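Two complexes are shown next, each including chain A; its partner changes from chain B in the first to chain C in the second.
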Partner chain A sequence: MKGNMTVKKLNRIILLVLGVIAVILPLLITNSYRLYFFSFVGIYVVAASGLDILFGYAGMISFGHIAYYAIGAYVTTLLTSYAGLPVMASILIAAAVAAAAGALVALPCSKLKFQFLALASIAFANFIYQLICNIEFLQPYRGMKVEPLSIFGVNLNSDYRYTYYFILVWVVIALLAKHMIVKSKIGRAFMACRDNTRSADGMGINVRKYKVMAFAISTFYVGFAGACAAHLNELVVCNTYVQANSFNYVIMCIFGGVNTIFGPVIGAVVFQFINEALASATAWRDIIFGGIVMLFIAFLPGGCMSALRGLEEKLAARFSLGKKEAASKGGKKDD
Partner chain B sequence: MLKSLIIVGLIMGSIYGLIGLGYSVIYRASGIMNLAQGELITLSAFLGYTFFGVCGLPYGVALILTVVIMFVLGVMIQKGLVSRYQKRGVTGVYMLLITFGLSRVINGGEALIFGSNAKRFPSIFNVSTVNIMGAHLQPERIMCLFLALISMLLVHLFMTRTKTGIGMQACAMHSKAAEACGIDVVKSNGLTWGLASVVAAMCGMMLGPIYGVTLMLGANLSQMGFASSVAGGMGNIYGAMVGGIIIGLIESLVGGYVNSTWKSMIAYLILFLILAVRPTGLFNEQAVRDV
Partner chain C sequence: MIKAENILVQFGGISAVNHVSIEVRKGRITGLIGPNGAGKTTFFNCISGVQNVTEGKIYYEGKDITNGRGFQLCEAGIARTYQNINLFHSLSVLDNALIGKHCRTHYGFFAALFGTPRMRREEEKAREDALEKLKIVGLDHKKDLKAGQLPYGEQRLLEIARALCTEPKVLLLDEPAAGMNATEKVVLNDLIKKIASMGITVLVIEHDMDVIMNISDYVYVMNDGFLLAEGKPEEVQRNPEVITAYLGGN
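Showing the complex of A and B:
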């Protein structure tokens, strides 16, 4: 009990430190490219968290989440450029459209075995990619200009510090929402479906409904991320949306640890750093990411989070031991 | 027009079918979908290029060398990697991810060893095109058709006529029962991956001369192969051939009559629809799990 308490306390301290670092980061870094990069990390955190809802909690795999990222990006581009909607509203609408697409895909596909689900998602992502490439109107290869990220008419991209804070706020909202979803009845239903569909069905959980819901929530996150990325880049080009890129989200989840709130965060941050560092050495990048997947599944299936948790428990045990000694010296017993 | 499109479609279909065969063999024997199959194809194309294009060995010798190397590699992957993971209790979606990780590692290794530039596989025959019923075809493509058919026939004969092949089928059906019957399950599993790698080697040696040897060769084509094995019913060896020919024909007809840039889009759409509407494919009843 006591060890648990200390772990919780430790968690809070770590969280606080990380939160402070995230908030004061723009004061430490003035290089605008780096801030742009960190904003992108935030976007990937949202996307990876979205995949984790599907993969970690609901137990379904998707190798095609880039398709919803693309849908989010192109819907918001069209809405802001042609319908003249404000950026924030169109980002949310784009995310909702992506979620609707996810639900539509999930309706027939959620009944598939995992390998076939993976394949269906690959097929869907390839289809969307080819579709984008074949619509002249979207200027797939030359790229289409997108309005910069703005709220209430203020252009945030003029100074990437603003963009960073904007993304940071949304990352916090996304993580809180994920936490709430996971702790709610819906989240428990997801986990029940993941662990055993038959017994979940027997307990009166509508398995199909919750699977479709998991897909919709997950794709909402990814669509949101895609829309934000489009406004951040101010350009959408079809090459961003090749199916192979959806594996990135899977790698992030595996690396950070599925089934946790902060696993995908760690995964996304580390992934983006490796990606950036090895941008010119793609062969090594492939080997490292492939190796990470293979080694982590063998030795650390819970990802970095499980390792951190083990470390924390050790630390906590040491702390509480120290406390116990102090308490016994004082001759008083605390709970 | 129609005739030549059908011929092209049949040729592409037979290649897709052969690629799909590689997936089906492994899926049938161990329930694993091997995402690394495409990279094995790329690797064999690179090996074939090295033996044939760089070392100047005759095509037949290069083919045999590649097949032997890939067989050994396949067995090694099973022994050194897959079976170890299986012993650790890795199953399901994580096994799928292992094969994905393997594919990235192989791809990166290829890029390091052979470089990322596209290689031109020297043509095997002296004639540049052959005219068959109005279709102008590279002779390599016709060779593909025959090699694909021969490979399929050999796999079929091996699986149904030899003791080892029948043993492999038994392992696929029920490994414990097969073991009780005195079949060496460990050896049989290794052979399965070896066989699938041999199929990949055949594909690589055939596709290299047609498309040129690039790092993306296997990744692009293997998805079509994947599609064909799903269309025919994953795990069904004959289904893969039928599915491949269906997909090849659709692709070629769409390319000829509608728009050639649409053909892969339509093929993916069809794959998606097959999975959505009839995930069992034509000849398989295993794809559906849940309520």
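Showing the complex of A and C:
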């Protein structure tokens, strides 16, 4: 029990440090491209967290989540450009549309076994991609202009510090929401369906309902991320949404560690850094990501989080041991 | 409480359960015995919504529940344990029990999202009750262990605790003593009697004649898909057909 307490304390400290870094980052970095880059990291944190709800918690896979990212992006583009909706409202509606699409896909797919679900998700992503590429109106290849990220009519992109903070706030909301969901009866139902469908059913859990729900929540996150990204880039181009890009989210989850709040955060951050460092060497990038994924699956299936946990527990053990020793020495002196 | 009439279950050409009628009376411990492959588990699966029947009807408290869905039957008050342990292995003992509380914990998605007072109240209630059920089977001190880390016998007990968490009116136990040693079996017998004394109707499958004779009020014997005999334990024990089936089976 005591060890547990120390782990919790350590967690708090790590969380605090990371939080402080995230908050003061724009003070340390003035280069506006870097801030744009970090805003993107935030967007990927949201997307990867969304995939984790499906993959890590509910035990379903999707290799097609880019489709919902695309739906979020194009829906918000159309809503702001043609219906004149405020950007924030439009982003939320776009995310809801992505979630509805996710639920619709999940309805027939929730009965599929893991590997067939993977295939179905790839097919769906290709379908959406081809759809986008073939609708002339969306100017798929030339790209379509998107309104800048703004709230209450203030253009945030005019200074990427604002953009960064806007995204940061939503990252925190997204992580808090995920935390609330996964520790509730809903999260437990997801994990029950993941571990054992048959006895989940026997325990009064409507397996189908919760699978669809996990899909909808997951795609809401990804749709939200896609919509934010569109307003951040101020442009949507079809080749952003090729099915293969879905693997990015999967890599982030595997790398950081699924079934955790902070795994996908770590995964997204590291992924984006590697991606950026190797931006000019795309072949190398793919080889490295491929290698990383294989190594992680083989040697560290729990991702960075499981390694961190192990480290933490060791540290915690050492701390509490040190304290005990100190205490006993103190006692001896008194004698 | 539960009345199964003329149940027929066929897999391809084989009849795993062949026109079996069984009645589980309220407040009693009913035993279901029979040699390997007799169709006991298949029959259980029908009652608990895992397996559809080919023919026949099942009534629960007078209502027709034939081919009902598992989660709905659980909500209606039929809970079960499994012969091949079906725990949520990667989750803690407490979480397993809490999942049992699923359909008795009432709050929705948005309540969970915002952590409303109602959600917290319901969670607190579920937790207390889950711990109480773990205490009944004697696993409360292991609540933070992963279910998969428990020894075999305790996994069976956890299955029972988890089933109790669903607040069942009828509890179906599929070979709860399998893999247990003699002392564990004694504890289990007392536990089953205790559950019955809590007002829960029990239907228990068991291989072990001694166990079934010790705890049950009424016994059904299946063999090869057919219902071979039924009656009070001492009657069934004396039944020559049952003796042959068992000796032949072994």
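We take it that the second predicted complex is superposed on the first by the 328 of 335 C-alpha atoms of A that agree within 3 Å, B and C clash if a C-alpha of one lies under 4 Å from a C-alpha of the other, contacts with A are read in each partner's own complex, and residues count from 1 in each chain.
Assume a residue touches a chain if its C-beta (ideal position, glycine included) is under 8 Å from a C-beta of that chain, and two chains touch if they have at least 3 such contacts.
Note that this is a predicted model, so its numbers are computed, not measured.
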> Who does A:M305 touch here: chain B (first), chain C (second), both, or neither?
Replying inline: neither
> Should A:I43 be classified as contacting the first partner (chain B), the second (chain C), both, or neither?
Replying inline: neither
> What is the contact status of A:I66 with respect to chain B (first) and chain C (second): first, second, both, or neither?
Replying inline: neither
> In the superposed model, does chain B or chain C contact more residues of chain A?
Replying inline: B
>> With both complexes superposed on chain A, which partner does A:A283 reach: first (chain B), second (chain C), both or neither?
In response: first
> After lining up the shared chain so the two structures overlap, which partner does A:R188 touch, if you call chain B first and chain C second: first, second, both or neither?
Replying inline: second
> Looking at the overlay, what does A:D201 touch: chain B (first), chain C (second), both, or neither?
Replying inline: both
>> Just checking: does A:I254 make contact with chain B only, chain C only, both, or neither of them? Give me first, second, both or neither.
In response: first
>> Is A:N126 touching anything from chain B or chain C once the two structures are fitted on A? First, second, both or neither.
In response: first
> Now for A:A177: first (chain B), second (chain C), both, or neither, which partner does it touch?
Replying inline: second
> Between chain B and chain C, which residues of chain A are contacted by each of them?
Replying inline: 201, 207
>> Quick check on the complex: what are the chain A residues that touch chain B?
In response: 61, 108-116, 118-120, 122-124, 126-127, 130-131, 133-134, 197, 201, 207-208, 211, 244, 247, 250, 254, 282-294, 297-298, 301
> Which of the residues in chain B end up touching chain A in this complex?
Replying inline: 27, 33, 81, 84-85, 88, 90, 92-94, 96-98, 100-109, 111-112, 116, 219, 223, 226-227, 230, 234, 259, 261-262, 264-265, 268-269, 271-272, 275-277, 279, 286-291
> For chain A, which residues are in contact with chain C within the complex?
Replying inline: 177, 180-181, 184-186, 188-189, 191-192, 195-196, 198-207, 213
>> Using the touch definition from the top, list the residues of chain C that touch chain A in their complex.
In response: 48-50, 69-71, 74-75, 79-80, 82, 86-91, 95, 98-103, 105, 107, 109, 112-115, 119, 123, 126, 162, 166
